[in-house]
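Both of the next two complexes hold chain A, though its partner changes from chain B to chain C.
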Partner chain A sequence: MKDKLTKAFKNSVYEPNQDLEGLIWSSIIKRDKRNAQFKLWAFGLVGVASLAGLVPTFKILFTDLTRSGFYEYFSLIFSDTGSIISYWKELAFSLAESLPIISIISVLSLLFVCFLSIKYIMKQINRDQLISSLTLSI
Partner chain B sequence: MPQESDEEIIILYKNGEEEAFRDLVNRYTTPLYNFTARLASKNDASDIVQETFIKVWKNINRFDPKKAGFKTWIFTIARNTTTDFLRKKKSILFTDLEKEIDEDVISFAENIPDESLLPDATLQKLEDSEFLNKTLEKLRINYREVLILHYQEEMTFEEIGRVLDKPLNTVKSQHRRALIELRKIIE
Partner chain C sequence: MEHDIKKIFESKVSFRILFGIGIAIVALLIFSLGVIVGFHKASYGHAWEENYERNFGFMPGRLPLDNFPNASGAIGKIIKITLPTIIVEDRNNTEKVILIKDDTQIQEMREQITINDLRIDDFVVVIGTPNAQGQIEAKLIRVMPIGI
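Take a look at the complex of A and B:
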C-alpha cells in the first residue's frame, strides 16, 4: 500500500511556474542588497561620528596631560639621566599617576570604533559588488 | 559527480559562496510548492514558497544540523508559514484542527493493520492524479499534511513529528486516521 500511495503522490505533482525559482532568487538578492546598503550607511555614520568625536577627545587628552604634569615628568627622562637611574621607580609611579586614564580610554575607544567601521565599510563595499554581480547573473 | 548534501551547500554558503543558496532554491522549490499548494491552494503557493525561502535565508545561521536535517527544518518553516498565511486568510477554523473523528471509528481503526486501511480498489482510484488531488482537498488539513509528508516527501514518522511538533505516537495515529478518512471520502 505504501509503495502504491507514494507512486500516486509522486505522479500527481504540481509543477510550479517556471519563473518561481528566479523570482525567489531575485527577491533574496534585493533584500541582501538593501541590507548591505543599510549596513554601509550605518557603519559610515558610526565611522564619521567617531572621527568627529576624536577631535574634541584628543583636545581633552592634551589638556589633561598638561594639567596632570605628565609632560614635566616625561621631560625629566631626557634632561637628568643620572637621577633617573637612581629614582627610576619613583619616576615610573609619578608618570603612571599623572596619566589621564579616562581621556586615554576615550581616545582609544573612539579609534577602535573608527577602525572597526572602516573595516566593516570595506566588507560591505565588497559584498555590495558581489551582490551586484549576482543581480547581473539573474 | 555526486550531488552535494544540503548541509554541504549550507557550509559553502556560510563560507561566502552566495550562489550556493540558489542550489537550495532549485532543489526545494517544487517540493515546497507541492506541500503548500496542497495545504493552502495553488494560487497562494507561490507567495508562501517565496516567503518560506526568505525566512530560510534570514535564519540560515540558526540552522543546526545536529538537531534536525535541513529538509525537516525547511518543511517546518514552510508549514508554519502556510499556517500563518491561512490564519491571516481565516480560511480554516483552528478549532477544527484539533477535532478528531468519532471515537468508535478510532477504536475500530486501531485494530486494522496499516496495509489494510486502503483496499486495492481505493488505491487504484488514487492513481488518477486529478482524483487524488481533489480527494486530498476534502481531507482535514492536519491529516493532509501527514499524508503529504509521508508519501510525497517520503519522510519517516519521526521526521514528520519534528516538522509538525507532535509526538511520534500522535503522528502515527493521525496517519491511520488520515487513511481512514481518505477511504471514507472515496467510498
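Take a look at the complex of A and C:
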C-alpha cells in the first residue's frame, strides 16, 4: 500500500496556477505599501509633534539664558578682548555656570527627533515610490 | 603578518572601536568638566551660606532653592558700597559680596574707571574668583548702561 502511494505521488505532476506568482508578488507589494504608509504617518506625526514642541522649548531656552545672565557674561567677550584673555578662566567658569543645561538638552533632543523623522519620512517616500513603480510593472 | 595587521586596521570594526574610544574620551571630558563646575559652585554655595551672617550682618539666609549661586561672577545692581567690598543683588535675589582688589579692572563701556566711580544702583557684571569667606574676588567689573 505504502509503495503504491509513493509511486502515485512520484508520478503525479503538480502544476501551479498560472497566476500564483503574480498573486504572491502583488500581496507582498500590498503589504509593503501598507507598512510604508503606516511608517510614513507615524514618522510624520512624530516630526510634527517635535516641531510643535520646539516653539515653547526655544522660548524656555531664551528665558533661561536671559535669567541666568548668560548674555551679560557673553557680552564681556566683546567689551575688551585684550583683558578678557587674561581672565579667560573666570569667564569660562561664569559662562559654564550660567548655561541652562536642561533647556539646551531639551531643544537639542527635539531637534534630533525632528531631523530623524524628516530623514525617515524621505526614506519612506522613496520606498513608496519604488513600490509604486514595481506595482505598475506587474 | 604585516598584511593581516593592515587588514585589521583598515576594517570597519577597527573604525568602530576607534569611534567608540573617541566618544568615551569626549564623554569623560564633559563629565569631568561638569564635576569641576559643580564642585566650584557647591564650594562657593557652602562658603556663601556659612559666612552669610558675617558678610551681611543679619540672620542666615537661604540658598536659592533650585540651584547654587554662580560662583565666578555676579550680575545685578550695587545695593551697598563698603570699600573695598560692594554688595551686588544677583539675578535670583542673592546678595553677593564682591571684594575689589588692587588689580581689579573696572570699566564703564570701554573706559577705565576707578573704585570711587561706583555708585549704588549701578548695574554691574562682575567676574572673579570665589574665596573661602563666601566673597568673589573681582577681576573685572563692568558697569553696564542703564536699561540693559
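Rule of thumb we're sticking to: the second predicted complex is superposed on the first by the 125 of 138 C-alpha atoms of A that agree within 3 Å, B and C clash if a C-alpha of one lies under 4 Å from a C-alpha of the other, contacts with A are read in each partner's own complex, and residues count from 1 in each chain.
Note that a residue touches a chain if its C-beta (ideal position, glycine included) is under 8 Å from a C-beta of that chain, and two chains touch if they have at least 3 such contacts.
Keep in mind it's a predicted model, so treat the numbers as computed, not measured.
In the overlaid three-chain picture, which partner chain does A:10 touch, first (chain B) or second (chain C), both, or neither?
In the superposition, A:10 contacts chain B only.
Which partner does A:80 contact after superposing on A: first (chain B), second (chain C), both, neither?
A:80 contacts chain C only, not chain B.
Considering only touches as defined above, state whether A:130 meets chain B (first), chain C (second), both or neither.
The first partner, chain B, only.
Is chain A touched at more residues by chain B or by chain C?
Per-residue touch count on chain A favours B.
Once the structures are superposed on A, label A:91 by its partner contacts, choosing first (chain B), second (chain C), both or neither.
second
Tell me the contact category for A:119 with respect to chain B and chain C: first, second, both or neither.
So A:119 meets neither chain B nor chain C here.
Of the partners chain B and chain C, which touch A:68 in the superposed model: first, second, both, neither?
Once the two structures are laid over each other on A, A:68 reaches chain C alone.
Have a look at where A:30 lands relative to chain B and chain C in the superposition and call it first, second, both or neither.
A:30: touches no partner chain.
Across the two complexes, what residues of chain A are contacted by chain B and by chain C?
none
Touching chain A in the complex: which residues of chain C?
Chain C residues touching chain A: 33, 37, 40-41, 70-73, 75, 90-92, 105, 107, 109-110, 125, 127-129, 139-140, 142, 144, 148.
Hey, which residues of chain A end up touching chain C in the complex?
Checking each residue of chain A against chain C gives 67-69, 72-73, 75-76, 79-80, 83-84, 86-87, 90-91, 93-94, 96-98.
Residue numbers of chain A touching chain B in their complex, please.
Listed in rising order, the residues of chain A that touch chain B are 1-2, 4-17, 20-21, 23-25, 27-28, 31-32, 130-131, 134.
For a test of understanding, state which residues of chain B touch chain A in their complex under the given definition.
18-19, 21-22, 25-26, 29-30, 33-34, 37-38, 42, 45-46, 49-50, 53-54, 57, 114-118, 123, 126-127, 129-130, 132-133, 147-148, 151-152, 154
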